[in-house]
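Chain naming follows the written order as A, B, C and D, and within any one chain the residues start at number 1.
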Amino acid sequence: MTRIRKEGNVEYHFVPPDDFRKFVRDRKERKPLSKILTAREAVMKFVTDGDYIVYDFSSLTRGPQALIREVIRQKKKDLWIGAEFTLHESSLLVGSGCASRIDVGFLGYGNYIGQAVCKGRVKAFEWTNGGLAHRLLAGARGVPFLPTRDLLGSDNLAVSSAKIIEDPFTGSPVCLVPALNPDVFFLHVHQADIYGNARIFGTNLFALEAAMASHRVIVSAEEIVETDEFRKDPMRTTVPYFLVDAVVHTPFGAYPGAMPARYDIDLSHVGRLNDIDSDEKMQTYLQEFIYDVADHEEFLDLKVGARKMKELRFKATIIEGYR
Amino acid sequence: MTRIRKEGNVEYHFVPPDDFRKFVRDRKERKPLSKILTAREAVMKFVTDGDYIVYDFSSLTRGPQALIREVIRQKKKDLWIGAEFTLHESSLLVGSGCASRIDVGFLGYGNYIGQAVCKGRVKAFEWTNGGLAHRLLAGARGVPFLPTRDLLGSDNLAVSSAKIIEDPFTGSPVCLVPALNPDVFFLHVHQADIYGNARIFGTNLFALEAAMASHRVIVSAEEIVETDEFRKDPMRTTVPYFLVDAVVHTPFGAYPGAMPARYDIDLSHVGRLNDIDSDEKMQTYLQEFIYDVADHEEFLDLKVGARKMKELRFKATIIEGYR
Amino acid sequence: MPDTVQFTDTEFMIAQGARLLENGKTIFVGWGIPQVVAMLGQKLYVPDLLQLFEFGAIGPQPVLPFVRGTMGGPQNVYRSVQWSNMNWAFAYSASGYMDYGMLGAAQIDPYGNINSTFLGGTFEHPERRFPGSGGGNQVASHCWKTMIVIKHEGRRFVPKVDFITSPGYLTGPGARERAGLPAETGPHRVITSKALFGFDETTKRMKLLAVLRGLSPEEVVKEMAFKPLIADTVTEIPPPTADELRVLREEIDPSRIIIGH
Amino acid sequence: MPDTVQFTDTEFMIAQGARLLENGKTIFVGWGIPQVVAMLGQKLYVPDLLQLFEFGAIGPQPVLPFVRGTMGGPQNVYRSVQWSNMNWAFAYSASGYMDYGMLGAAQIDPYGNINSTFLGGTFEHPERRFPGSGGGNQVASHCWKTMIVIKHEGRRFVPKVDFITSPGYLTGPGARERAGLPAETGPHRVITSKALFGFDETTKRMKLLAVLRGLSPEEVVKEMAFKPLIADTVTEIPPPTADELRVLREEIDPSRIIIGH
């Protein structure tokens, strides 16, 4: 056995590379078939109680907020969140009773989520943002771990399951983080085609890594475009179609966050989220904005409205770089 | 010590991550200063006898051929080549007496280079294309190694210095390849600014990895453009300026290879390269096309000519995707 | 009569290979003949084959005719669904997304181990030296099913290769897994200029499955330096069809750089 | 008289931080106050500072005013030299390209170890829970010199942090290297609302370097739960200048979301 100098010893989500490979072989479609589904269908079909989920970017910028609301609407249970760069998502998923474990990352923003940890509502593990990014890269590269020169010396190690070994090339301690192969990855993009080719304009956290590393990938897209758009400019493709399981056409899918070059953040709605500091306020919010509406379209009609959407579009004046 | 199940035991180029980091701290410029140099100046300043060099893409497509000819013209000695996806470069660098070691990759194309190995003119090590790509990624990520699930079971292991350990997460054997931090990286691009921001249109081998992992980066560019061009479309930036040490304005710098969307391959000149199967023919070629001309511009005037360049430009009609 | 049509060894290998491709699957394509196999297949049989190249072209629809030396050039990477780089290309294969890999070889043994590094002498002082792995080692390690295209010359089929560049079943059943290679992967078909081989489920040794129409199993096997297993029923492979030859000669390789004369 | 100008603790921390930035260097910028420090610095003192954010913005020139909540949004990543992702962002820092890192903290100890995870109780049952590392652990591990911005409140300066989220000098000289962290890195400055600290070369313990004009070293130190070293000459830090306050209040944060009232 490889000698391990130090290791964390808590639960961690790990799928041996060979098991993930077999899933990919047997259950991921390579044929260019239409994967257009509604959010309801996609979440029903591909999100199961107990799943480990990740999502790209935050509730304030290009986050898959409509998909997350759909998960809450369907009252999924016992989810484990890979909360890299998370803001309000973790509060909502924990407050709604959907999530019971969080790999931190960044635990979340607002007054609710820290209290939820203190109250033991949700169990936290400390991988750090970089650690989760490395873990997803390992998952995408089909290797069981990646070495890093961080986590070392900190207390995160004991509450994650990273390990420290001696690097056989230099003899120095190096940290190994295990691959992460989530059950589901949610990605909200500017454009997708019906097969799942998808592109983001702007930066991303781990879009391609997580799409390759995840068992199921649900893409929600502001626009559905011809496949030709991808083939004409293949450098712009963030995720190719054969990684994707469902494509959900979701205008304003990042609301209340911003979709760069499409619409701005709705600070008043974000204020509502920030104000949630009790279970009562949480339940009020969930009822009003999630349970009381049938789907994202009804949400837009009843809770946002055309005037507000027009106003948010009006403010998204920076388009340089986003096309 | 980490238990090693099996390891190669030949020379390999390795710079401990801390040493590379110190070089980056002390000797890489972060200020946006003009780095415009001639090829002669850049190679004189940044390529030293004994250096380990890598380059992106091949002698037939977007290779830094003008820079490689300049290395040969300056009669650098004892170079060690990281020959990932190499075609004629290795023949020329070995035939000219510049290179004495090759990390293979792909040894090269044409009749000359295999004979050179048989004659003991150059020493080969077998890392495979993927192994070299992984090594550069490790070098870029500041870690001493990366794990892979290849090289395993093959004979490359004994003639590289990869190691096999037991993965501490699964117990299975996994291959570790050491980081590669070359001395010099040559990259030929479509566009650069004077500070070194550089972009390629099309695919690449390891452009960003190698730029981050290398001590010195020499970019040759078909066009020099305003920095604004990069800031207006930051997703298109292949390599940011602070990784780059020299920018050489080099129209037709990939000749006789093609520069996608700019000019086509010169198959007649490539035929000359393919025909080299003896030292005599090699010396004749080197004399005629490299030693006999003062620089790349004289090469274009005397050995290529405006008519040929016009013809090659004429043939480069596929521009979709390359802008 | 179509059988009287002349064709080259290479044309036959390419046509055979093209027929074996599976529509709606992914394939990691090696340099040279495998490229042409994929082109012919995509043109005639498997429009939804997704080709992947090690230099980062994912799903191209190459422009015909094929021009030698443009691996990575605009014709070769035309209309890809994604342009990327080598580390990502091998990530796709390492994490299991590549159903097939297709490679050439200088030498092969009964377990499908491939040598493309050297012949004769020692590694340090070989008699003949080839380009080495390129990305072949990764393709043969990661892809679910590796197909090898090789000329049917006796000296290429040896009991033990001089050097394992790209792993087949190594020393037999379970050896890949013991070495740490991804489970349930390995050589799947060997496509030669005279025959088609598979690998026995139990012994993992090469097995003759089919021969070019007009040849007997004995003729095919006699020149090989090891004796392959022989399938209970050895089937017949039709020679290249008129369609295959027309596409190869007129559309893909009119200057006959690859297919020969 | 400028000294009679009113300013908030946060304004002073930001102004102090901005003055400490080095032109023509690179900085890995954490969330919140560090973003504003970098903006103010770039505007007034260090036009050629290269900012890098963990979500993949390399070298942005943020649009003013600063809008809360747009980390990663178009204003924040405006006119970057490169848009990338988190793994690449941390590759830049891991391989040594980031001269400085700048982070906030909930709690800090004499060796500059940072806690941003929890206070009181145990990890499983904390009394107060914070967001945790984010990318702070990587920034503090990889960057050459880490600067920490923290309010000068006694309870934040403790002999031992409840949890080391991001490593300082750990237990003292040599401890980072023994842990395997990159050599010659570590905390460089601690910027508070009353003072500026460095770290002693030999002992790696926090050392008071300067205090806000009008305060004495004793006043600054008395409320801290550990006694820092005191420099032989403790210098004076001028309060925010009119220019700094104008840019902060009029250009960067007119709604005073960060700088407060």
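To be clear about the criterion, a residue touches a chain if its C-beta (ideal position, glycine included) is under 8 Å from a C-beta of that chain, and two chains touch if they have at least 3 such contacts.
Just so it is clear, the structure is predicted and the values come from calculations on it, not from any experiment.
The fewest steps needed to get from chain B to chain C, moving only between touching chains, is 1. For the pairs A-D and A-C, the count of C-beta pairs in contact is higher at A-D. Here the CA centre of chain A is 28 Å from the CA centre of chain D.
Rounded to whole angstrom units, the spacing between the C-alpha centres of chain C and chain D is 57. Centre-to-centre separation between chain B and chain D, using Cα means, comes to 39 Å.
The multi-chain contact residues of chain A, meaning those touching 2 or more other chains, are 17, 142-143, 148-149, 167, 172, 174, 202, 208, 232, 234-235, 320-321.
Annotation for chain D: residues 57, 77, 79-80, 83, 87, 90, 94, 142, 182 touch two or more other chains. Chain contacts in this assembly follow no simple pattern; the graph is neither a line, a ring, a star nor complete. Under the contact rule stated at the top, the pairs of chains that touch are A-B, A-C, A-D, B-C, B-D. Residues 17-18, 20-25, 28, 30-32, 139-143, 197, 208, 212-213, 227, 230-232, 234-235, 237, 240-243 of chain A touch chain C in their complex. Residues 23-26, 48, 50, 57-59, 61, 77, 79-83, 87-88, 90-97, 99, 142, 144, 182-184 of chain D are the ones touching chain B in the complex.
On the chain C side of its complex with chain B, the touching residues are 54-57, 63, 67-75, 77-80, 83-87, 90, 94, 117-118, 121, 123-138, 141-142, 163-167, 170, 175-176, 178-182. Partner chain D is touched in their complex by these residues of chain A: 57-58, 60-62, 84-85, 104-109, 113-115, 117-118, 120, 123-124, 126, 128-131, 133-134, 137, 148-156, 159, 164, 167, 172-175, 202-209, 258, 260-261, 265, 267, 270, 316, 318, 320-322. Chain contact summary for the complex, chain A toward chain B: residues 1-4, 7, 14, 16-17, 142-149, 163, 165-172, 174, 176, 178-179, 201-202, 232-236, 320-321.
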